[in-house]
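Two complexes are shown next, each including subunit A; its partner changes from subunit B in the first to subunit C in the second.
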Partner chain A sequence: MIARLTRHERQNALIILGLVALMGAVLGLAGRSDPLGWHGLLIVVFAAGLALPVLGALDAPEPTEDRESAYYDDPTRLGILLSMGWAVFGLFMGVWVAALLAWPELTFVDSPWASFGRLRPAHTTGVIFGFGGNALIATSFHVLQRTSRARLSGQLLPWFVLLGYNLFCLLAVTGYFMGITQSKEYAEPEWYADLWLVVVWVAYFLIYILTLARRKEPHIYVANWYYMAFILVVAVLHIINNLAVPVSFGQAKAYSAFSGVQDAMTQWWYGHNAVAFFLTAGFLGMMYYYLPKRAGRPIFSYRMSIVSFWGITFMYLWAGSHHLHYTALPHWVQTLGMTFSVMLIVPSWASAGNALLTLNGAWRKVRDDATLRFMMIAAVFYGLSTFEGSFMAIRAVNSLSHYTDWTIGHVHAGALGWVAMITFGSIYYLVPVMWGRERMHSAALVEVHFWLALLGTLVYVFSMWNSGVIQGLMWRTYDESGSLSYSFVDSLVAMHPYYVARALGGLMFLMGALVGCCNIWMTIRGASVSVPQDDRPADRNADRNLVAGE
Partner chain B sequence: MAMTEKDPVTGRETTGHEWNGIKELNTPIPRVVFVFLGLTFAFSLLWWALMPAWPLGASYTRGLLGADHRQDVSRALGAAQRERAAWTQEMESLPYAEIEARPDLMRVVSESGRRLFGDNCAACHGAEGRGGPGFPDLSAQLWLWGGEPETIEETLRVGINSTHEETRYGQMLAFGRDGMLSRPEIASVISFLRAHAQDVGEPDPRDAQGVEAGGAIFAEQCASCHGEDARGLKTAGAPDLTDGYWLYGGDRATLTRTLVNGRQGHMPHWEERLTLAERRILTLYVLGLKPAEGGPDDS
Partner chain C sequence: MAEFHKKIERSTIGFVLAIIGVSSIGGLFEIAPLFTIDDTVEKVADMRVYTPLELAGRNIYIREGCYACHSQMIRTLRDEVERYGPYSLAAESQYDHPMLWGSKRTGPDLARVGGKYSDAWHVAHLVNPRDVVPESNMPRYAFLERKALKVEDLGGHLAAMKAVGVPYDDAMIANAPADAQGQAMPGSLMADQVAARYGDATNIRVFDGQRGVVTEMDALVAYLQILGKLTDAAHRQQQQQAALEAP
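Right after this comes the complex of A and B.
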């Protein structure tokens, strides 16, 4: 990897790492009597750990002249591995918190870090940002280059984005164990980590813009629209929701710029659009490249992909208030959130339909190829969870589902069924391509992973639907005297069997991911075949080989 | 020039663009998409007309139905209160004996009582009211402050060692820590206690030592609260030490801890969190709790 950098670039890498380490040292010193001190130390160690191999290879031979005539895939390769690593961590944390809900006495260490409240965000951050985020960065770099026929912009910039992003994830997760959190769901990290992410994210956007500007195709492929919406909107959401004032430069704690119901609305405007632009738009970008590629079929409808893109982008931004039905939020805001959520079903289903109709003519492949089947099932779950979401956004329905496991079931129908499945499918397509192998080491193991994942998802989602509806009904059942029939503890007792089932479903899902890791590892270790001749950027000096027609 | 081609499967033209092998069909958007977009938009228009919906500077469109979720809640709460008034008034005002004679009211006690107990009391006293170390077993029906319904109602109202102004106040002194008794003296009192109480569990070889001396110390130091006969004093909330029921434990180690460090349990007050009717339901409910088969549970 370092061999592909010139000596000058290696020196620049060292300078950047030095600056990062310096920043860590300053934070560490300023915050030495605060948990912030540990994070300063972590940043220094992280930068030093990266600087060592660069230093060691500083005088290694320079890259050959023709590096510009190949795609820049090293960051994608590392991104895939990081994504799988985070998947194992995040899913394991998921199984752990699921087990804690089923058997609370499992809190075997009497120490704050081992409590449910600290483990849970380690799960959500691990899977969403660690697993999902790395997969998005890795695939977006790949898709961007292939659909632009241009090499990624910058030599260091992609590394800065990938590694800087992982530093953010590390700060987030280690912070939770130490009790560092601003208690905003999916936006838990404190001010210094948030600021760092802004820097990384701007660099990410820059890569996208610069590479697209150099593209050799007349049109920008729709996948890139989705990836760009993901990058741009997440930046806006992240900055606004995290506006806060630190107690001091030496303390991790900061206070939000918002309070009361404004704070709640800002948070769920962020929260819902994190779902929309992180967990949906980004992964739709993934789907729009890997699904037609694997199926060997043209996209069913070009127009539908454009219309759904604008539909999703426009309507999602209004929908956040459905997370705050029946709260202190004014009624009219809830009405808007609800109606836009209902309309949102149309572009969502148009996207899911576009994906499934693309498979027409390739259903045999779906039957025989577990990789493509991962993507197909993902599209089905995407349709399912968006329908469910629009339904739950209706106030009357939400009065039953809110605060119950139904929400958790919905989340995981989307997260396991859609996000994780489309990611695994894309990774199984991508690994042989990236490491120049004929195919995955074992098609049978992909098949095993597929069934474990599907079964795990179904067990998870069905048990949470049951549990959620039972819970919701128990909380609103009255006896003849007009008093509630059940105590909260009664509903907990009723949920126990479903919690056990959910933990088992999650365990299956985790085992599938472990099988996937082994398979990927064996594939990488296997024999390579030569890279196809045409898998390279268009000649730099060549004219755009297609005339911009429309 | 971009070349369009015909897709053999669908018979549709492609758009002529290609990205690394990916093409797109020029399929028009299916009609259903527009139909559903129209339907959901029409629904939204209707809903905006009926409900509070769009902001207008400092105000908002009120909607034709005049709905307002804050008023809806107050109205629903009011209706529920009126519906329950039929029995809540009686529950609040009738003497306990009369309530106990009324099957309809006693049904409310057993049904609502179970739910109220589960939501408010079970966290400390256990789902069945059987308590645990430090938290009294209510089903044993052995009362620190007295077992008349009125007394229990008062305990619920003000709590024990709580933040209520009129709280019941009880404390077992830290005889060892505060230097009132030496370790050997404490050991003798414990022998004395264990010799006079029922059900003290495993016998201990030390039980035989200092029983008499312990009796003398008891009379001097403990009897003022626990009574000459060690049967407790309800006005001070001091437990009966002979009945075999131990709040913390009757083994020598636990008793030693109790005497050395003292005890002061905490029971919250419920005057602000529960209505009078609810507190009276709970009073009757706990009086009706039955001990487990074979005596007070030890769990």
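Right after this comes the complex of A and C.
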């Protein structure tokens, strides 16, 4: 990887790493009597760890002159591996916290870091930002180049984005173990990590803009619309929701700029649109490229893509208040949130339908090819969970479902069934392409992964549906004398069998991911059958069948 | 439509601006007015701020991720009001930076848990929840009892809260460490000052049952015991409504 950088670029890389290390050292010194000090040290170690191989290869031969005429896929390759690594970590944490709910004494160590409250954000961040985020960065770099027929902009910029983003994830997860959190769900990291992510995100946006600026296709392909919406809207959400005043420069703790009802609304405007633009828009970008590629058919309808894209971009931002039905949030905001949430079914199903109709004529492939089947099932789960989401946003339904495991089931139908499935499908498509192999090492193992993932998701989601509805009903059941029938603990006891089932479902899903890791490892280790992919932008017309309007 | 769109999708900058424009509308219409419409948060005269000890306890609640399993928002539903007490008002969390309304009830709502159980019950429950509720699946927090509370930087915490709009005065900020200790040391000179600054209704007790040292357990229990007690507004409103509905 370093061999593809010129000596000048290697020097620049060292300068950037030096600046990052300096920043870490300053934070570490300022925060030496606070958990922040450990994070300063972590940043220094991270930068030093990256600087060592660069230093070692400083005098290695320079890349050949024609470097600029080929696609730049090294960051994508590393991104795929990081994504799978985070998947295993995040899913393992998920199984662990699920087990803790069923058997609360199952902490391996009697230590503050190993309690449910600190492990749980490590699960959500590991899966959403570690697994999902790395997959998005890796695939977006690949899709952007192929659909623009242009090489990625910059040599160091993509590395800065990928590695800088992983530094953010590391700061986030290690922070939770130490008790550093601002408690905003899916936005737990504190001010310094948030600021760092802003820097990384600006670089990410620059790559997109600069690469698109030199595209050889007149039109920007659908997948890139979604990736761009993902980058832009997540930036706005992230900055506004994380506005806070730190106690001091030497302390991790900060106080949110907003309080009470305004904070709740800002948080769920963020929270719901993290779902919309991180977990939906970004992965729709993935789907709009890899599904037609794998099926060998163009996208069914260009118009449906347009309706879906602008519908999602416009309506989702109104929907966050459905997380706050019957609360102290003003009624008019709740009503607006519900209305837009119900309308969202239209653009959501336009994309789900577009994906499934694209498979018309390729169903034989869906039957035989587990990779394409991953993508098909993802589209099905996308359709199901967006329907469920609109349904649960209706005020009367929400009165039953809110605060219960039904929400957890809904989230996992989306996260396991949609996000993870489309990612695994895309990765199984990408790995042979990226490492110049004819196919994955074992098609049978892809099948095993598929069935473990599907079964795990179904067990998980059905157990949470059951527990959620039972819980919600028990909380509101009255006896003949007009008093509440069940104590809170009664409802907790009733959850136990479902918590056990849920942990098993999660375990199956984790095992599937481990099978996937082995298969990817064997594929990379296997003999190369073709020249490692550095295909040239100029002489490729393979993507032409994806171009908008055709 | 398709023809028009084919023009937009040829321009990167145009597309970027269109995304920003279209996606901003929702937030502008729904969130911005919450800061300007006056009756979004009720005016409540008796609302008081958290004492330094309670604020420290709140930060422990955040640090340990308690919000992942406990909500602090009683909805306007009959069964919730009967189970937990009068529904939550916006005013009650107006000094909560950030709010801790929560999204999941693996355990019960805590918005009005203050005063519901004794300090000793809370300590026993936090040390091992299954000692008092055998069916509970809550983690143990025995270590809180052994950990001395860090008080020296509490003035900085109050100052940061003041910067985001909570009405702490200069004396509160200057005396925050002493006030935190005083609240857990009844009978001391420092304790009298806490009552003078934060009101006579302030709980001044040895929350964790260990005299002499102020622990994280003191802080967390002090916080739990004030939940729902910062103002009486919700109870007053419930009584007014009951009076209106009475024939």
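Here is the rule we go by: the second predicted complex is superposed on the first by the 532 of 550 C-alpha atoms of A that agree within 3 Å, B and C clash if a C-alpha of one lies under 4 Å from a C-alpha of the other, contacts with A are read in each partner's own complex, and residues count from 1 in each chain.
By definition in this document, a contact is a pair of C-beta atoms (placed from the backbone, for glycine too) under 8 Å apart; a residue touches a chain by one contact, two chains touch by 3 or more.
Predicted, not measured: the structure shown is a model, and the values here were computed from it.
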| item | value |
| --- | --- |
| First, second, both or neither for A:120, with subunit B first and subunit C second | second |
| Which superposed partner A:155 touches (first subunit B, second subunit C, both, neither) | neither |
| First, second, both or neither for A:246, with subunit B first and subunit C second | second |
| Touching partner for A:401 - first (subunit B), second (subunit C), both, neither | neither |
| Which of subunit B and subunit C A:334 touches, first, second, both or neither | first |
| Which superposed partner A:346 touches (first subunit B, second subunit C, both, neither) | first |
| Touched partner set for A:479, first subunit B, second subunit C, both or neither | first |
| Touched partner set for A:488, first subunit B, second subunit C, both or neither | both |
| Partner chain(s) touched by A:457 [first = subunit B, second = subunit C, both, neither] | neither |
| More subunit A residues in contact [subunit B versus subunit C] | C |
| Those residues of subunit A which subunit B touches in one complex and subunit C touches in the other | 218-219, 302-303, 326, 330, 336, 340, 483-484, 488-489, 549 |
| Residues of subunit A touching subunit C in the complex | 100-102, 104, 107, 110-112, 115-118, 120-121, 176, 179-185, 209, 212-213, 218-220, 225, 228-229, 232-233, 236, 240, 244-248, 251, 253-267, 269, 302-303, 306, 310, 313-321, 323-330, 333, 336-337, 340, 399, 402-404, 407-408, 475-476, 478, 483-484, 488-489, 492-493, 499, 548-549 |
| Subunit A residues touching subunit B - in the complex, by the definition given at the top | 146-147, 149, 217-219, 221-222, 289, 292-293, 297-305, 307, 326, 330-332, 334-336, 338-340, 342-343, 345-346, 349-350, 353, 360-361, 479, 481-490, 546-547, 549 |
| Residue ranges of subunit C touching subunit A (in the complex, touch as defined) | 1-2, 5-6, 9-10, 12, 15-16, 19-20, 22-27, 29-31, 34-35, 37, 40-41, 59, 62-69, 71, 73, 75-77, 79-80, 82-83, 87-108, 129-130, 133, 135-141, 143, 153, 156-157, 159-161, 163-166 |
| Residues of subunit B defined as touching subunit A within the complex | 1-2, 7, 9-10, 14-17, 19-30, 33, 36-37, 40-41, 43-44, 47-48, 51-55, 60-61, 63, 67-70, 80, 83-84, 87, 107-108, 111-112, 114-119, 122, 127 |
